[in-house]
Structure formats: C-alpha cells, structure tokens
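Notes follow the structure.
When the chains are written out, they are named A, B and C in that same order, and each has its own residue count from 1.
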Amino acid sequence: MAGLSLELIGLQLFAGLALGSVYVLLAIGLSLIFGMLTVVNFAHGAFFMLGAYVGLWLLSIGVNFWICLVAVPLIVGGFGLAVERTLIRPLYGRGIDYPLLLTFGLSYIIVELVRIVFGKSGYPVATPDALQGAVDIGVGYFPLYRLFVMGVTALILVGLWLFLERTRYGLIIRAGARDAQIVRVLGVNISRVWLMVFGLGCGIAGLGGLLAAPLQGVIPEMGGPILAEAFVVTVVGGMGSLMGAVLAGLLVGVVVSMTSLFAPEMAKVAIFALMAVVLLIRPQGFFGRAGLMS
Amino acid sequence: MSVDAEVILRTESVSKVFGGFTALRDISVDFRRGAITSIIGPNGAGKSTYFNLLSGAFAPTSGRVFFEGRDVTGLPQHRFAHMGVAKSFQITNVFPQLTTHENIRVAAQALQTCFDMWRPRAARRDLIDAADALLHLVGLADRRDRLAGTLAHGEQRALEIGMALASRPRLLLLDEPTAGMSPEETRSMMDLIVKLASERTVILVEHKMKLVMGISNRLLVLHHGELLAEGTPDDIRHNEDVKRVYLGKREH
Amino acid sequence: MTDLADNSAKRLAPSGFLEFARRHRTLLAALFLLVFPLLVPFKALAVNILIYGLYALGFNLLFGYLGLLSFGHSALFGAGAYICGILMVHVGMPWWAGVLLGCVAGAAMAAIIGTFAIRTSGIYFAMVTLALSQCIYYVFYQATGLTGGENGLRGVNVEMISIFGLRLNFVDPLTRYYVVAAFVIVALWILSRILASPFGAVIESVRENEARARASGYDVRRVRLVTFILSGAFCGLAGALQAIHLSIVPIELMHYETSGLVVMMALLGGMGTFFGPFVGAAVFLLLENLVSLWTVHWQLFVGAVFVVCVLFFPRGIWGSILHAMEKK
C-alpha cells in the first residue's frame, strides 16, 4: 500500500464520481419512467448505446460536438417517443411483465440493427478538442473531459429539478407518479404525460451514451453490462426515487473506482456485492417505498 | 402474563403510524372467547388498520398483541393460520384461475403439508373430502368445478369464508364481509356468520352499524384512530359519544 | 402475471383425448422423443432442442407456474455446464457424476441467487436476477484457471460410455441423442410429478394470489425459494448435458443473452403450459437453423419474436393450440 497516496485516492474518488455521473444519467431515466409508468425499461441500455452511436455518426459527418450534445438526446428521445407510442402503449393494463418482456426484446433489435449499420466491432471516440487535457483540482491533475461529464450531469439534474418543481408539467408528473387516476380526473391527458416521460428518460440515457463514448469507446454490446449496473443503482437507491438514483449512482461509481484501485479484478463484482448487502439490510433500497416490493 | 381462558385475543395499547400519520392510537382491548365482536366506526376511523394488526398483516408501531396468552406481535402473517387465526379480506381475495374446490383444498392443505412434491394431490383424499364438506357449508357445492374467478361477487365472498374455515380456526376475522353485496346476499351472509359463531370466536369489521347490532355480543367503536366506546349493543346504543359521532351534526 | 399464465393450471375438466393426454403426458412425450430425431435434419440440432427444451421447462416452472420472471437463468444453466466440465476436466470425474453434480450446482446457484432475489418480488425480481447473473458471469470470466475464461473450458470429452455393461459410442450423434433424451425424459417425469403434487398446488396458488396464500398459512418466501432451487436443478442438468454435448463450455452460456433466450422460448411456446416452452425451444432452434443460413443477424429474429409474441400472440404456439382444442 506504500504507493497509495492521499492524492491518488482523491483522484480516484473524482474518477468514481465521473463514472457515477454516467450511472446517474441512466438511473434517473429508469426511475422517472418507472415512477410514472410502472414500466421497467429493459431497453434502457440499448438507448444508451444508441446515443453513443448517433453521436459517433453525427461527429463523423462533421457535426460539432456541442451541437451533438443537444441533437443526440433529441434524436434518441424522439425514438423513445415512437417506441412508447407504438409498442408500449398497447400494453398498459395488461400486467407488469409485458412491457418488461417487450423492451427486453426491443433491445435485441436495436443492438442488431446497430451491428448491421455500423458493423460488429467497436470504435474509439476522440475526446473533443476543447475538452482535452487535464486541470489541477487540488489533489492533482484530473482529465478535463471527466469534469465536463460531471458538470453536464449536474446541469441535467438541476434542469430536471426545476422542471419537476417549478413547471405545470412537472407538477402533473409528480402528481401522476402518486396517483394516475387523480390526474386523469383532473382532465389531464395522462397518456401524453407518459409519452413525454418515456421520451425524456430515453433522451437522457442517449446523452449518457454520448458522454460515455470518449471514455470507453463504442461497441454494439456496450448497453448490456451498463444496464445491469444501472439496475444495481436503482435497487440500491430505491425504485422510483430520483434522489436515490443520484446518490446511489455516485456511490456505485465510487465503489467501482475505489475497488479497481485496490483489487482491479474485483471492481466489476464489488458493486453487485453492494447490491446484495443492500438487499439483505434494506430490500426496498435507500429511498424506496416498501410497497413497491410486492 | 396470566393466561385468561376467557380472553382469546388481547391488544395492549397498540398504535400504528404510517409515515407521519397516526392511524391508530393506543388501543387496549380484550376479545372474549366464543363471542361475536364487531368493530365499527365511520370511514377513516382506523377499522381496517386495526383489523390488519389483529390478523397479522402488519405489526403495530408500538404496543403488543396476544393470542391465547401468547405474544404474537410481529409474527409473520403465514404463522397466524397455523396458530388458529383465519381471516377474510375486505376486497375479494381468491385464487381466480383455480376451481372453487381447489381453492378450498389448497387452503385446507396449508396446515397439513406444503413441500410434499412427490405424491399426487389426489392421494390426499382427506383434504378433498374436507374441501367438499366446506363447499356444502358455505353453499357452493353446485359450483365445485367452476373457476373461482368466474363466480358471482357474493359467491366469491362465501368462497373466501370457506377458505378461511379450511384451517379450522378458533378465531375467525372478517373484514366487511358484506361489502358490495345485495340485500339478499347480505342476509344469507349474516345467517352464515351467526351459524359459524356457534363453534368459534368471530371478530368482524363492519361499516354499517345497524347490520351488526342484532348479531353481536360485543361492539367496539373506533373514531379517528382511537377507541371511542366498548360494550354490549345496548351500551353502545345509549352511549352519548357514539350518538354524537354517528348522528353527527344533527345535534348541533 | 396472472393473465400471462392464464392458459395453465386447473380448468374445467376437459373431456376425452385432452384429459387422457394430460394424464399420460410424460409417456406421450417419451414416445414422441423416440421418433423425434427422424424428423429433424441434423441429429446435433435434435440434441440441442432436447437440451434447450429442458432448460426452458426448468425456467417455466418459475415463470409460468410460480409467476416470477427471472432474467438470470443463464447463471443456473452456466453453473451446471461449468461445474460438470470442471469436475470432468480438472478432477477427472466420470461423465455421469459430472452431469449429476452439474444438476446439483444449478440448484446451489439458484439457492445463492435466490437468497437475495427472493427478498424482492414483482418487477424488482427481474432486475435483481439479471444483475446477479451478470456478477456470476464476471466471476466465471475471471477465474481463467478453472473456466478457461474467454476461451471457454475445453476438453469436456465423452467418447465411450458404458451403461450396465453396454458400451455406447457417445460420438455417434444418434446414440448421443438417446442418452440425452433418457435424462430429459426422467426430468420431464419428475417435473410432471412435482406439478401434480400438493406442492404444485401451492406454487399455483402463490402465483394466483400471494396475499391469500400467505393468509392461508403458506410461507410464500420459502415456497418461492424452493421453487427457484428446483428450477435451478432442471436448468443445471440442462447445462451439464450441454457441456458434454458441445465438449466445451463457452463463456457465452453464462451471458445474459442466454437468459433472454430462454425467456423468449417460453414466450414463443406458451408459458404456463407444460410442454409450451419445449415447443418454443424446438421451433426457435429449427427456425434459427434456417434463418442463419441466409443471415448472421438472427438476433433480430430473437427480438422480433419477443415483440410479436407480447403484442399479438401472448398465448404462444402451444398455448394457442391447447386453447383451440379446449374451446371445441
């Protein structure tokens, strides 16, 4: 342990928060969709992967990275809207497993289509020029791009919070998550709200994919493992809780990066151990409501 | 604590808090063996919460529950049936895709065997016969092979009581057994309850006070999560507090 | 879950042939499996259908009958395959011991995953099983010394087997088929008995109404765990048979796509029916065999089966056939 300085641990902590930011972007989408629609989107990983590939494609035809930041979530979110409208909507009221099975199958289709269009092998993605290099964050030099990822995530969270707390639409969403019936009685078109929420969640997942692309490259299968990890985040944080998704996402990121510092081969397994412990102690997660369990 | 043979169920200052909301406050009651005790009160009085504490659906936030002198606070729900406590739900709760007969047979099986996975079900002739006897008792013999989900509402409620009886309970807990029933169905359900009470203790929750006045030995009145009154139907009928709550603003 | 599984369970006493077929389902299945290889273009494909059919039956015990949707069954299937392979390759056990202990390994893996996953139910269960199976995947992937890691565990070879003095050439495809079929038929018989037993009734009642089952005196959590372990035993056996069939245990067996595959097979064939998952496995593998002749993108086909079945065909193939016969 002689080589481990406080600085190194500090840097690794930041790296964990950056990784956690990506988890947060996936988990808030999952949680938002679940909270409103009681649908677990098993295609969420595929939407994440799609975001990375759409970004790759846009960059390759010369679109500016900053424009991608807006365009990718819009495109992926738009695709999410289409999926909700055509495939998921017919399933409401038919049992909780149906949308789950459907989105799981959909993820196969999305992955295979990406393989057909972009090929089976992955690509590296260059960090945008303006975000290359490292900055001194007090404990040492830290890659600028990772700071940027954390910043964008923070921005999204603040924006989402303002949207939910301060707008009429947000009010409807929060009410609808509690009781869809009441919202319907008030004359609000709840199916439109569900549509928008599904699109929003998918769009944020797509943005996550775009942001993760320069960190890990892109490959058609990238959505699978991260879906499992996002599930860990959701279970730890508590299903349907945005606060839970944020805190657990960051925690899981830190756990991964800290474990890889001490025992790299255990990094992937550690977060599942974390989930197992949470399940034993508090099965509904940090912020989950117990009633959701059954 | 001393075992009082006359008392089958006792709650000692039980309270239940949901989130920040106190649904039930400090209720101590002794339920007498062999009696029909009805728990009544207006909507939101905490009747269902109290019922769920008695039947073990959840544990009280504070206080204790004793069944036949034994502390049963916080015991898992499935243990209650084994002790001799059975319940019917407020919302009809059967196994919809099983036949009426199989519904009761499965319920009767619970106290005999769970993990017997080798012999055929038909080998337990005793359970099949017990289920048939109960079908007769609750008047569903001619519905034997129908899927429970296809029965009429009143029939499903009767089936549920049959299922509750399958565990040969000493204490039968009924949560609004006549909810949603026609007047005719209500009358025959009341007759059935009186018949059942001749052999076991019955506690029922009821919204409609008139319905239970005639058949109950004891009554509890809950109001805003507190015990407002307790006594014989006559006591309750003349209780000023109860009059005020039930007759409400008319007196002002 | 109730309506997904609605074509199962007890119905109004069906008449004549259907009732006869139901009572003697294991016997009829055994007879069918005896002639089955004559109907299939390649014997290796027939063996594959047997193995995945068994895997799907084991899965369906949990999904169709108990109503719990697991996305982690690859860990059970893979555990059976790996333990069988490891015991044969590294310990030098005979093939039959490997297969039986593979079956035990599937059950043990189910007990481990189940201990955590059973604490949740409903929608959580699918997520937790998927996550835990991913964890198991990493563990086996990284234990290269035992499992061969990315390259798979090689050398799970069975050539000659002798049963009661009878020496059989396991390399011969037809012999291999009948050896595997013997295991599958015994498994079918056991499964059929379990479902017809008092415990089978408990499984169905927990699916139908958890709260009522609990109030009746059943420990729902234990019923779920025991059923999960039973499911693991069947899937572990299937995995072990796959190991000796392939002579190698590829890491892909542990991948979550192997979990998705079995869900899809059950869905395609009809969950909650006894033979549906087997039919689903057979139809899918036959189609895959055709599809893969003209495209490598057969995963598109897997996804399409999911979407089409969920949206338009929730009874599945076998479920629809039974439904049509019962209506007559």
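Operating definition for what follows: contacts are C-beta pairs under 8 Å (C-beta built on N, C-alpha and C of every residue); 3 or more make two chains touch, one makes a residue touch a chain.
Only a predicted model underlies this, so the values are computations on that prediction, with no experimental measurement involved.
*Asks:* Mind listing the chains that sit against chain A and also against chain B?
*Replies:* Correct list: C.
*Asks:* Farthest from chain B by Cα centre, which chain is it? Let me know.
*Replies:* Following the centroid criterion, the farthest chain would be A.
*Asks:* If you average the CA atoms of chain A and of chain B, how far apart do the two points sit, in angstrom?
*Replies:* Chain centres of chain A and chain B, defined by C-alpha means, are spaced 47 Å apart.
*Asks:* Indicate the whole-number Å distance between the mean C-alpha point of chain B and the mean C-alpha point of chain C.
*Replies:* Centre-to-centre distance between chain B and chain C: 42 Å.
*Asks:* Averaged over CA atoms, how far is the centre of chain A from the centre of chain C? Could you give it in whole Å?
*Replies:* Centres of chain A and chain C (C-alpha means) sit 32 Å apart.
*Asks:* Can you list the chain B residues in contact with two or more other chains?
*Replies:* Correct list: empty.
*Asks:* List, in ascending order, every residue of chain C touching at least 2 other chains.
*Replies:* Where chain C meets two or more other chains at a single residue, that happens at 2.
*Asks:* Which part of chain C faces chain B closely enough to touch in the complex?
*Replies:* 2, 5-6, 8-13, 193-194, 196-202, 204-205, 208-209, 211-220, 222-223, 226, 230
*Asks:* Give the list of chain B residues in touch with chain C in this complex.
*Replies:* Checking each residue of chain B against chain C gives 55, 76-82, 86-87, 89, 93-99, 102, 105-107, 109-111, 113-121, 124, 127, 145-147, 163-164, 166-167.
*Asks:* Enumerate the contact residues on chain A facing chain C in the complex.
*Replies:* 34, 38, 40, 42, 87, 90-91, 94-98, 100-102, 104-113, 115-116, 224-225, 227-229, 231-232, 234-235, 239, 265, 268-269, 272-273, 275-276, 279-280, 283, 292-294
*Asks:* Note which residues of chain C are touching chain A in the complex, please.
*Replies:* 1-4, 69, 71, 116-117, 119-124, 126-128, 130-132, 134-135, 138-139, 142, 210, 256-257, 260, 263-264, 267, 297, 299-300, 302-307, 309-311, 314
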